[in-house]
Amino acid sequence: MKSVLDVAAIKADFPIFEQSMRGAKRLVFLDSGATSQKPRSVIEAESNFYYTSNAAVHRGSYLLAERASEAFDGARSDVADFLGVGSDEIIFTKSATESLNILAYAFGNPRSAHHVGPGDEIVLSELEHHANLIPWQELAKRTGAVLKWFSAREDGSLDLSNISSVITEKCKIVAITHQSNVLGSIPNIAPIISAAHAVGALFVLDACQSVPHMPVAPRDLGIDFLAFSGHKALGPTGVGVLWGKSDLLDGMQPMLFGGSMIESVTMTDATWADAPKRFEAGVPNMAQAVGLAAGLKYLQSVGLENIHNWELQLTKRALDGLREIADVKILGPQTLEDRGGVISFVIDGLHPHDVGQVMDQFGVAVRTGHHCAWPLIRKLGVSGTTRASFYLYNDMSDVDVLLESVTAARDYFRKR
Amino acid sequence: MKSVLDVAAIKADFPIFEQSMRGAKRLVFLDSGATSQKPRSVIEAESNFYYTSNAAVHRGSYLLAERASEAFDGARSDVADFLGVGSDEIIFTKSATESLNILAYAFGNPRSAHHVGPGDEIVLSELEHHANLIPWQELAKRTGAVLKWFSAREDGSLDLSNISSVITEKCKIVAITHQSNVLGSIPNIAPIISAAHAVGALFVLDACQSVPHMPVAPRDLGIDFLAFSGHKALGPTGVGVLWGKSDLLDGMQPMLFGGSMIESVTMTDATWADAPKRFEAGVPNMAQAVGLAAGLKYLQSVGLENIHNWELQLTKRALDGLREIADVKILGPQTLEDRGGVISFVIDGLHPHDVGQVMDQFGVAVRTGHHCAWPLIRKLGVSGTTRASFYLYNDMSDVDVLLESVTAARDYFRKR
Amino acid sequence: MELDSLYQEVILDHYKNPHHKGLPTGEIQVHHVNPSCGDEITLSLAVTNGIITDLVWDGVGCSISQASSSIMSDLVLGKSVDAAFSILDEFSALMASKGAMVGNEDVLEDAIALAGVSKFPARVKCALLGWMAFKDAAIQADTSWRREQ
Amino acid sequence: MELDSLYQEVILDHYKNPHHKGLPTGEIQVHHVNPSCGDEITLSLAVTNGIITDLVWDGVGCSISQASSSIMSDLVLGKSVDAAFSILDEFSALMASKGAMVGNEDVLEDAIALAGVSKFPARVKCALLGWMAFKDAAIQADTSWRREQ
């Protein structure tokens, strides 16, 4: 917890901070949980692909096609290195949402080695984002499988007291978030992974909120699949990643069908290429994959451990400050233990939307509402929250403006 | 057929032409059928989104989120205007491949208003790209529906002589390409559309090879759905479009589940938003949608009619020239009638890969192989073709280098 | 401050003391949500001889959505469905105006205080939530009333 | 011309007169395709006492894939499976070298003529098609031969 990032230098790498917001305010961007800003190196990596290497990958024997293939394959091995996994285990998708849906479709296909049927159980948690909830609901509906879940506790942790009745012999899939996008809490997944594997179930980690913010090593965690979104990890929009163990991927049926994912095709039949190609039908999002690799490189150059520690320092100051503002209630974890740099709060009697609107006048960008985790919001007994989420380009003065704007929001509606 | 484009001015808008290829050759890019090059305005539209407006759309009440939403919604209405359809009918996907798969999944879902079941018939053609073939094969396998198809004739047209036995009362879906990506032929879809509608079937047009190259008006064609890829239409990689009639989209189940596509969510159930949101789960490919809108604007500024006419002039010169090279055989349509600017050919005794390799030494980028239309290639009785495809940035001298390089390829292997 | 054009006194008054908010018990009942923020409204309505004779709503939402629903109730109660719909059209136009319109006070009364919302595109759907619920309910009520004739 | 480093005389000779190309009729038969260009190879093989005693292949493909299959056949026929696999490893390394290696002629013989292919990444899989089919078949043959012992 000692590290201090050189945030001034980092901010300078992100062109968006050069503009001013409403009424000449500087941008205090506290919505990285929704999407991150992009450093110049990412934007340029994407542009440079178009300037120098644009061609359909793996489909032509001319120079540009060679360059495109090299850039795209290179991006794949960069992402693999970042996660410490094999290149063939990295599938480029359009988003974490697509990644998770690919899994749900694969497990719903009787031709997949591992699939669910009537009475089989799928285990989730109440912390899940809609992207790691609805695909499984639909899988359950299609196959007759049963959805079960761990309850969320007020402090944002999961209640594992009933783990042996939640994960039983009938369990085939467990899909849990690595960090709540609403509360910032990091649930204790280790016992869940063990319990899942003990009954032969596969474990899927929604790492959207962790991979961009802290070191994540799928092999060390002992999980089977992992999904994250490029745009939350300094990467471009329109690219996500699905990681899966090779031997599992090779037994799975794809979701999307078309060019480049095939081995052989007749009018009535087709066979598939091996992973990762099998899961990447069509001309891929080449420039975005290349941009994502540049984003991950940027993160590595700063250091994921450093980023995580810095976010916790920002979080500490914010928690301390918010606690001193009367009528503000912080939801979820109240300490720095088992959490990342995401804070949800409510102001007594005020609607989050109105709070966010006042904060916007201070140049503060926060998200308000259910954060695509409606079941959790209901469980918390609120209609929505205001959420501040930190990243490597935030500094202590951003926290100060946050606190100032929260106070102002409260006063704006109180006084009148 | 009189129009001549100012290709020098157009080429100057495409930065990729500023580089030289192998041995200081200029780039003669004849693979736009696979993917198009990008004008500066497109690359900058994408970059500018990140520089000025990057935030998750429709999810925040702060200034950047407003700008992002405005840019994204604006892109949607630009695409809608381009096609002459309603904004709510435009779904942003990651590719035409995804667009077509969305349809196949929707029609396979018994909760969709229009869906197929055992014994129902799906009609395709032998001209189809894998992306408009395999999703339907899989739909047939999942549902017990039956695949039928129109045969391709040697000139690249479809044999419609048996139309009344191909499209029967059992037919629910007809999915046909607007232009063959292998031969450049434009099949006569009007009678097929009528026949489909006469039996209550829906008509899906794979417009990947037409929308970027000629005026296409879905409403005038009287079709129900249309798919195209952004990257072939001057747009970025990682974005495609699905157009569908409003009333049909509203009765269809989505393929991808997650954030932003919902109306309400509990742990066990969810309901959907209306189209287009219903079909756009997750944080969308915002920058790419904005880039695509810029690409379509560029096309409009040159004029789609002008582009089509110019491509035909290039095609004429190429057909005339290729015909004069001994041992070269042009496949598909031999005239300018019912075709676009795509030409496939073979050289007697030579493999397309070897031909393409020699052409590459002249700076000529062509595609070789089965072009993701393997059934058609088999039908043509070849192992693959060499394909040249034209676009608005090609000029007559590009055709001359094409011809020169084809002659050289033949001679290279003949002489030795 | 730009904010004051959004949160006018009238709006905060309606927010703190919303009119016709209660338990919607009528036969014609609709439930609308704003999926992006989770705000919800339930609204019930009665139409007699083409006149809106009863309207009660309940819901959770921000000041803009609550105030707008309150103002809408005042405006349409006692009016004919046709008259109410023409007010709705005028209000929708105001919301779509991106700050270019001020609104006709003779028609919109308190609702002109919502003109400032049109400058905040993310909030327009807050202001429209109650109105859209009303529209939906009124169409149903009107249809069922006509059927009974 | 860079091209001549790709299409060496030896390669074109093998292309025009491929060795051991014929009708693969052996019991152990494999079929491999290169999905990106559609090239195909069928290869049959016999292994007796650990020695590759028969190998016949047929297929369609470019000059590189045809010549490489022809050269591979010459190299592995009569060798032990182990020896053949070590040639394959050396050839794979050459193909992955991006032009940095010239290849050991003592081991690779005619196959060093394919060194130039490594500078054209799109063509490497052409050169490997026959070798991968061989590898697949040899593993099967070896396993079934051992089982019979």
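We just call them A, B, C and D in the order they show up, numbering each chain from 1.
FYI, a contact is a pair of C-beta atoms (placed from the backbone, for glycine too) under 8 Å apart; a residue touches a chain by one contact, two chains touch by 3 or more.
Predicted model only: the values in this text are computed from it and were never measured.
Among the remaining chains, those touching chain B and also chain D are A. Taking each chain's centre as the mean of its C-alpha atoms, the one that lies farthest from the centre of chain A is D.
Set side by side, the interfaces B-C and A-C show unequal numbers of C-beta pairs in contact, with more at A-C. A straight line joining the Cα centres of chain A and chain D is 45 Å long. Between the CA-based centres of chain A and chain C the separation comes to 37 Å, rounded to the whole angstrom. Mean C-alpha positions place chain A and chain B at a centre distance of 31 Å. Across the assembly, chain C contributes 36, 120, 123 as residues in contact with two or more other chains. Of all residues in chain A, those touching 2 or more other chains are 22, 59-61, 65, 260, 262, 264, 353, 357, 368-369, 374, listed in ascending order.
Interface of chain A with chain B (complex): residues 15-16, 19, 21-22, 27, 29, 31, 34-35, 37-38, 42-43, 46-47, 50-52, 54-56, 59-65, 94-98, 100-101, 104, 124, 126, 129-131, 133-135, 137-138, 147, 149, 229, 231, 236-239, 255-260, 262, 264-270, 281-288, 353, 356-357, 359-360, 364-369, 372, 374-375, 378. Remark: chain D residues 1-3, 6-7, 9, 12, 36-39, 60-64, 120, 123, 126 touch chain B in the complex. By the touch criterion stated above, chain A contacts chain C in their complex at residues 22-23, 351-354, 357-358, 361, 368-370, 374, 377, 383-384, 412-413, 416. For chain C in complex with chain B, the touching residues are 33, 35-36, 120-123. On the chain A side of its complex with chain D, the touching residues are 58-61, 65-66, 69-70, 260, 262-264, 273.
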